[in-house]
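Pasting a structure here, questions to come.
Chain nomenclature is as follows: A, B, C and D, assigned in order of appearance, with residue numbering initiated at 1 for each chain independently.
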Amino acid sequence: MITGGTIDKEYDPFRGELTFSKSHLSNMLNQVRCKVRFILEEIMLKDSLEMRGEDREEILKKCMNCSENNVIVTHGTDTMVETAGFLGKNVKGKTVVLVGAMIPYAFGASDALFNLGCAFSAVQTLPPGVYITMNGNILLWDNVRKNKESGEFEEIV
Amino acid sequence: MITGGTIDKEYDPFRGELTFSKSHLSNMLNQVRCKVRFILEEIMLKDSLEMRGEDREEILKKCMNCSENNVIVTHGTDTMVETAGFLGKNVKGKTVVLVGAMIPYAFGASDALFNLGCAFSAVQTLPPGVYITMNGNILLWDNVRKNKESGEFEEIV
Amino acid sequence: MITGGTIDKEYDPFRGELTFSKSHLSNMLNQVRCKVRFILEEIMLKDSLEMRGEDREEILKKCMNCSENNVIVTHGTDTMVETAGFLGKNVKGKTVVLVGAMIPYAFGASDALFNLGCAFSAVQTLPPGVYITMNGNILLWDNVRKNKESGEFEEIV
Amino acid sequence: MITGGTIDKEYDPFRGELTFSKSHLSNMLNQVRCKVRFILEEIMLKDSLEMRGEDREEILKKCMNCSENNVIVTHGTDTMVETAGFLGKNVKGKTVVLVGAMIPYAFGASDALFNLGCAFSAVQTLPPGVYITMNGNILLWDNVRKNKESGEFEEIV
């Protein structure tokens, strides 16, 4: 499920800013010749700083109401931990993996494809629960924080 | 462990051919801000069509003699299944994941980073055994083949 | 001479904004195997919206005081026409070409290298005067405007 | 006019070789927002080592028979000097610029866009004659060679 975040941002040459136009997930999975069956669903395209309670409710509802048991949620990194926490307390019986990027897929030297690969394996191998896959790590929703200085996701303890 | 393959090939502008100069794995893991602890070891830089029995013996020895229990082996795709088979029969008590790319990391639109991400999660989550992570799939060494027409890795059955 | 502009901007993953850290001109000319003799001089690294009269005075001084007769000035596109106008009225006996980019060199699908190539040929072939090379065009300082809607540089008439 | 060469080559992941599928010139000029009026004509897609006398005859004919006076010819670097020599002796009254790349446009770190930019300015500013624009240089057909060791184009004297 696609919710936006840096992974899907683009550079707008007219305003000199980062912006959303459309999701790149379909292109990404095409580029890497992904042959695992998946369904792409775009719920929203938001900077995660602008996500509100109702957005997280909607993500939760989509996770619970879909027929799949393995769900990847692309998400901005700024509030990924918060959304993971909300899903972690409410998702039952499904494996949900949140993933994003520090640098947009559309730019040079992005971490997007690596992170997405981490999410694809994680969602296929992990038991039900809510996880974040960033920086090569697989982190449980109730034991993860974003280090403000390094920008990296790490265990709390 | 690095053995070469397309993932590490470069374009040689003087001869107009693909060639090896050095491994890109260090750059790749740097680019994606990987924070999982790892040790890079370059065993060889070979096109997998040129791999012989002694090369596979060496890969096996390195896998068994290192102190880590989780090992990723980068490898050319042409004989990846063969090496996985040899390791699968001989590796005991370790999780070994073979991974490579259809398009070199150094070129545009490569599958290298995604595949590497798949390998990183898989090696951390799977029980001891020998696996291939390509095309988003996680495949056991004794149930995998490379489809000659599509170039994709798939289950035998 | 390097003054900044989009061509040299980078993405700052911590703040999610575009920023300057160092000029990429040296890398760019290395990448393209440029063998024309040149001297790189970084005067400033500014968004051209923040350029003031004293900045343009400094660019003019550097152009007139250097020993070369052929000068390329990298510059942001927002006020490139204004700087070209100021230089056009004051530069004597030298060929000065202003150039920039709509999309940073460091991002995917940038126009930076093409524009720089246009500037390199133009500065070697044109008679003394002040020019802008953008969008494949070569435009004289007193007959150029940036089209606000398309973002493209064009003749006034 | 498009004749092939490294600039238009792609990587074929199935055979692990470089190959032609279609020209990238249209994409390139789109990417850089080129606004100079041009007509793209694909004459052939050949490695320049495979060019024969009849190919050069055809390029000459196309150059002379088209209604434009400014012609860019994309060409492989291996025999670019030879084709430039043939055109130089036979083209009358037109400005023809040959250009190519050491690294394909489709790969990372290519010189293609820079070289193409050099050609665009050169063809607009130079008097009738036949030229090569490579490595930032503008070289006359009768005073150019490809340095076998460096791969760079340079004046004979």
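Convention: a residue touches a chain if its C-beta (ideal position, glycine included) is under 8 Å from a C-beta of that chain, and two chains touch if they have at least 3 such contacts.
Everything quoted here is computed from the prediction, not taken from an experiment.
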Labels of chains that are neighbours to chain B and to chain D: none
Least hop count linking chain A to chain D through chains in contact: 2
Residue-number overlap at the chain A/chain C interface, same or different (half cut): same
Farthest chain relative to chain C (centres taken as mean CA coordinates): B
Centre-of-Cα separation between chain B and chain A, whole angstrom: 26
Rounded Å distance between chain A and chain C, as computed from the means of their C-alpha atoms: 38
Centre-of-Cα separation between chain C and chain B, whole angstrom: 44
Shared-contact residues (touching 2 or more other chains) in chain C: 102, 109, 151
Chain A partner contacts - residues on chain B that touch it in the complex: 28-29, 31-36, 102, 109-111, 113-122, 124-126, 133, 135-138, 151-152, 154
Touching residues (chain side chain C, partner chain A) in the complex: 6, 11, 13-14, 16-18, 47, 102-104, 106-109, 151
